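Down below are the structures I want you to see.
Look at the two complexes coming up: chain A is in both, with chain B in one and chain C in the other.
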Partner chain A sequence: MADSATSRSRDLDKLLLRPGNLVGPSFEPGPELRDDLRDYARVLVVGAGGLGCELLKDLALSGFKNLDVIDMDRIEVTNLNRQFLFRLEDVGKPKAEVAAKRVMERVNGVNIVPHFCRIEDKELDFYNDFNIIVLGLDSIEARSYINAVACSFLEYNVDDTPREETIKPMVDGGTEGFKGHARVILPGITPCFECTIWLFPPQVKFPLCTLAETPRTAAHCIEYAHLIKWDEVHSGKAFDPDDPEHMQWVYKEAVKRAELFGIPGVTYSLTQGVVKNIIPAIASTNAIISAACALETLKIASGCSKTLSNYLTYNGVEGLHIKATEFVRNKDCLVCGPGVLIELDTAVTLRKFIDMLEEHPRLLLSKASVTHRGKNLYMQAPPVLEEMTRSNLSLPLFDLMGKVSRDVVHVAGLSSMDNKKASSMRKLRVAFKGVPDGVTDMDMAGGA
Partner chain B sequence: MAEAKVKYDRQLRIWGEQGQAALEKASICLLNCGPTGSETLKNLVLGGVGSITVVDGSKVEVGDLGNNFMVDESSVGRSKAKCVCSFLQELNDAVKAKFIEEYPQALIVTNPSFFSQFTLIVATQLEEDSMIKLDRICREANVMLIFARSYGLTGFVRVSVKEHTVIESKPDHFLDDLRLNNPWPGLKSFAESIDLTVADPVAHKHIPKVVILVNMASEWANSHDGKLPSTRQEKQEFKELLKSRMIAMDEENYKEALESSFNVFAPRGISSDLQLIIDDSAAELHCGSSDFWVMVAALKEFIANEGGGEVPLEGSIPDMTSSTEHYVNLQKIYHAKAEADFLVMEQRVRNLLKKTGRDSASIPKHTIKSFCRNARKLKVCRYRPIEEEFNSPSLTELQKYLTDEDYSVAVGFYILLRAVDRFAANYNSFPGVFDGGMDEDISRLKMTVVGLLNDLGCNGQTLTEDLISEMCRFGAAELHAVAAFIGGITSQEVIKLITKQFVPMLGTFIFNGIDHKSQLLFL
Partner chain C sequence: MIKLFKVKEKQRENAENAKKQTAAELRLHKDISELNLPKSCSITFPNGKDDLMNFEVLIRPDEGYYVGGKFLFSFQVSPHYPHEAPKVKCKTKIYHPNIDLEGNVCLNILREDWKPVLNINTIIYGLYHLFTEPNYEDPLNHDAAAVLRDNPVLFGTNVKRAMSGGFVGHTSFSRCT
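Showing the complex of A and B:
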């Protein structure tokens, strides 16, 4: 270790090579740990925006060498006040690609693979290849999706304890203005995103009758122009929030309406804010939250210190408030729990099974695609896969699942829980009636 | 310019054009540009501060490549200040970026007047004696100062200014200034002009809650010797009375009135926080009083006279179920009262300026207006000189922290962060920097800790063996993730200090990167 002082890992080595008493249970300090982190650990960063840019930098400088980043967005001018990997000349280019390139230019030896696509476009196996998934997202839906993906890998022993090797850790960050959170999700051990979904209250929408009849605020006038007047005037043409002409039109209509009712305060900036639901964002909050996420990622991967348990909040509005809260799991969680148990006759066909999902009160899942142990039993899309799997629909599920007595299947489709349609993934425990548990039951074999 | 407005759109929504203008006028000086300092400046450069000056005398070493994003292979052997500065410039060409290749601890001694040209100094990774000297210099020159340090899995951030006053503190949740417990005649007569017993159900459910509550409160007072509900039972009865006036289950306006009925019961007058501010000795004016304190003095007069115990009305109302007409009229009434209060305040401010020998027009109208709107939310932050805190920290607080489970690790790190500087002064390096001699360093650090605690008045106390060993394990490492965290916190506080919006942290922030039980210590 004589070279430690002059090596690139000078500072990190102190933490990774030396024993300590306030460390994680699996900590085995030494050069092998540092090298393994560099050579074998694979981390996926979801989102290359305000948090994503910071996360890539932080992880690249925290001993990780193999990183992937996925983001479907292109760079905009309004990103430049915080997404520090982007320059004015990058506007219009894919975020993931530019972010990966910039970090690789500056940090020697780091390899970052960019994925310029939607998170739903990737196969499940893609996500399973990573040791840790780090989320830098700004939407509840996207978090929910990745959470469901990571939880779908989780398997349970017969006694309903999680099988450790199937736990896919996630680290999630989020910010708004001077506030933010960082959390560690170890599916099956700590609450998953869905267990504590109440932490993200749904956005308040204005009642349509207020907009139409009794507007009182500038936002009411803007939403009237956006949600009611636009459709009246542009029959059939969809409103595009990214089209400046559309936005100008809404702004002008909102001004007219505000004048009619004597309501002050409609500005172009507010119009954009209301219509696009813009969340204010600054560099410093993103830096704080990303750094906390990167540090936890390093701790999970190396055990070099205790892990955050399990939810950190930051609020810098009035003074400084930082708090770690230990939330508890929802034992009945549909996403990270052992799964909804469905008992079937061995004669039930895949088509019948898919129909049942739509009726099942705890699922209400329509247009379901079904996979079993990574094998596509039926896929709604893309058309090629649909055609390839269509013939399975008339076959008994029991046969398609290899005639096991019970096993886990994953289904993906449109859930209409809480009167809201959202793409969602569910884990189901299918048990066949009248079939004795045999050696082919892989769940049982694993638990034994 | 138009492009800048788009570029800064997401932050303009937080601190507005005035906040942005303050940032663009600010000149920031960074001392030491390791990752903690570099990351702090990165966040400020992105936000568009006017100018930065990076002061660091060291050359880039290979080890720096592993923790600092602002240097790369080609930087090795070159001036760190220059390399960091040129990367920062890349982030925002609107910022004037300069560097000075000198060691800050030397500059503090040889050229103390250097610092007076800046708005704010960000001092990172400084040792105790340099901190004390710099603090004296900055207080003397009236330059804002913030200290930041990353050390292994711990670190601290400490603001040091004599006094920081805030008009626009922008708290998240604050009671609306509705005056339902003390309506002025204009509001009362408007409310009386609306008939709560109107038969038309559509009209009935569009009477705003403010009108309902003002009228019901005066109805109650008429039958209770002019008093408002005060006991629990009276409050309950008042709510029942409200409910009894609903004519349908779906009357949102009545539901809102029920939820807001506490406004009627709330005690009149100002909060204890505001009382402290108007009673502050700084509100007794002299020729050097700041604009803020001149306005506080005027506010004090207003409360005692025209205000009848209340501050100037804020003048805005929240959205509430109402017909457009009632709502707009209500807005006008609140606005008019706020305008009248402002005119009285303005006159008082101008008179006080004249009395203290200043130009009576020297405080602009919009500043007084903003002061009136935010009168209930004023904040005054004062910070002890760092030397005082170091030499005589509050012993009662210190003892409390040492025995409180939630604080014990944070205060342990506070002591250790000071102990390592003593250690370095005695043994010429930080504990655990070299791989050999760990055991010796641990026992030496332990002795240093005991000595330090003794000097602070905590005789015979020590810290846990685990924490002392952990500090030695850190070996003064500056980990990137920790530096980015500390730098993020530091830049956030700098933004609050410069924009004079929101409330900067008080006390010393101690980062606990082990289990994130970080704390603010008031010593």
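Showing the complex of A and C:
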């Protein structure tokens, strides 16, 4: 038992027990580091699909012993070619549960806790318990959500430097056919997901009139059945892409449409692909990207090497290209940026606060609308909302924000920075003078 | 960072457990707070002032074929806004070449030409434009488009008939004036 444990960590020991020249800034090699990695590092893997299976296996074999995995999907037959932790008899079972079980069976001493639910179902505290969050996701929305959660833990010092202990590192992997990426997100230090959201190409959408009048491709016929014909026939009933009967109906309608216009190529799998926006997944791409992500996770936790800085792209379409690009933060990012620190007396009304923004040298923001944790405190337009929020203007901002000592608010308005008028949205860190941290009026803070 | 992980284990922070606003909500807040609509368009928020992701726009064209009519559009903004256009449907049954009887709208900036620099204001102006300049070259309602192309006078008569709650061909409409 002890021998097999030693042999398993032999390669890892070479990284963790010996000093080196290329190590990270806080690296302290030794057996203690190896043990700490096992005892203290808690890693969450988001997604138990193609990347998730690889990630769980890679992390478990890299010395991480406390893993959690979250995924809302059940296993389908079409997953089996690459999601290697699953077997035919697992079809229909939750991915997270089966993946956790299989890895625990194979890797001694690793403990994986599965969570079969949506990422939105978990409280913020759940995410805060992990030291590193590793993402094996296939959608921008889900990445954006986890990014917002991780960045919400970030706090800044008075001098706008991030407080190190509030940084929640993320390692994000993604694959699409022969292409993939791996990136390291250290909120407050490297760009967050929203800082570089422009990296994603726009989705292809066909004009509705083309679908209705002049279809030219199989995809046009499928989208016609999905977007136009469905509503015509099933008045009011929402289309569910995960319901096989719905998909079968769209497929049959698409075939009829294609025959009418003499268009070849409508198949059931293409229908699924077009409707659910699926791109064929390749097992080896997942393995390569996962390996890069697992290594970065190990590097962040142990400091045994400098981390990737900060975005790796892999392209195996023609030949093989790998490149690391150092993207820069958007210092005014609404999600990960520090925002402008504003100190206020608890008596300051919302109206006075809005006036102050106009004078503030770092803002020069006139006609500001103010929003706090999903509550619109004041809206300059449209008239219907202005009227609904006007009564807030005479109330103290401290009361409107639930009597917390400090919190983030967002303001939109007309900025006059650099002698140019431009509409802008800014993040503000509001701190109230003379209110001790952590003393909150729970009734107010807990409100909707 | 393992040192930090150990520290955290001892003094776990009591982070406030309130959801932060998403990037989509913030961007939408900005869009809505800067709305500058013509007199013929008005906006309402059925779920109150804190749900900006779902709203309705009423358009009362003051010129063209549809003058005197009232047309209600529903907007559904996705969590992926502004990288994805809002879903817009016409709730009022309408005889129009670019809007079908199910309320689907053929407007380029709602689909193939959507860009994140566009905003809610642009979409509403785009919708308004459909009433002043219905376009038979991008038809969703094939019959209405053909009539507009071949016989604009008859098209005008049909629009009036539909808006006053009559039949056009075999299709019945509800009064919307």
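Just so it is clear, the second predicted complex is superposed on the first by the 333 of 448 C-alpha atoms of A that agree within 3 Å, B and C clash if a C-alpha of one lies under 4 Å from a C-alpha of the other, contacts with A are read in each partner's own complex, and residues count from 1 in each chain.
In this section, contacts are C-beta pairs under 8 Å (C-beta built on N, C-alpha and C of every residue); 3 or more make two chains touch, one makes a residue touch a chain.
Worth saying up front: this structure is predicted, and the values here are computed from it rather than measured.
Asker: Would you check which partner chain A:324 touches, where first means chain B only, second means chain C only, and both and neither mean what they say?
Answerer: The first partner, chain B, only.
Asker: Scan A:18 for contacts with chain B and chain C and give back first, second, both or neither.
Answerer: In the superposition, A:18 touches chain B alone.
Asker: Once chain A of both complexes is superposed, is A:227 in touch with chain B (first), chain C (second), both, or neither?
Answerer: It touches chain C, and chain B stays clear.
Asker: Once the structures are superposed on A, label A:106 by its partner contacts, choosing first (chain B), second (chain C), both or neither.
Answerer: In the superposition, A:106 contacts chain B only.
Asker: So in the superposed three-chain picture, is A:208 touching just chain B, just chain C, both, or none of them (first/second/both/neither)?
Answerer: Touch partner of A:208: chain C, not chain B.
Asker: Using the superposition on chain A described above, determine whether A:425 touches chain B (first), chain C (second), both, or neither.
Answerer: The second partner, chain C, only.
Asker: Of the partners chain B and chain C, which touch A:261 in the superposed model: first, second, both, neither?
Answerer: In the superposed model, A:261 contacts chain B only, not chain C.
Asker: Taking the stated contact definition, name every residue in chain A that is touched by chain B in one complex and by chain C in the other, in rising order.
Answerer: On chain A, the chain B and chain C contacts do not overlap at all.
Asker: Where on chain A does chain B make contact in their complex?
Answerer: By the definition above, chain A touches chain B via 1, 4-12, 14-15, 18-22, 54, 57-58, 61-62, 77-78, 80-82, 84, 87, 105-108, 177-178, 214-217, 261-263, 269, 272-273, 278-288, 290-292, 294-295, 298, 305-306, 308-309, 312, 315-320, 322, 324.
Asker: In the complex, go through chain A and note every residue touching chain C.
Answerer: Touching chain C from chain A are residues 26, 28, 33, 36-37, 40-42, 123-125, 128-129, 131, 140-141, 144-145, 148-149, 151-153, 164-166, 169, 194, 197-198, 200, 202-209, 212-213, 227-228, 231-232, 235, 300-303, 334-335, 369, 371, 373-376, 379-382, 384-385, 388-389, 404, 407-408, 410, 412-413, 423, 425, 438, 440, 445, 448.
Asker: Help me check something: in the complex, which residues belonging to chain C touch chain A?
Answerer: Answer in residue numbers: 1-9, 12-27, 29-30, 32-37, 42-45, 48-50, 52, 78-80, 83-85, 98, 100, 102, 104-106, 108, 111-112, 114-116, 138-140, 142.
Asker: Looking at the complex, which residues from chain B come into contact with chain A?
Answerer: 3, 6-14, 35, 39, 42-43, 46-48, 61-63, 65-69, 72-73, 90-91, 152-153, 169-172, 206, 319-320, 322-324, 327-328, 432, 435, 438, 465-467, 469-470, 473-475, 477-485, 487-489, 491-493, 495-496, 502-506, 509, 513-518, 520
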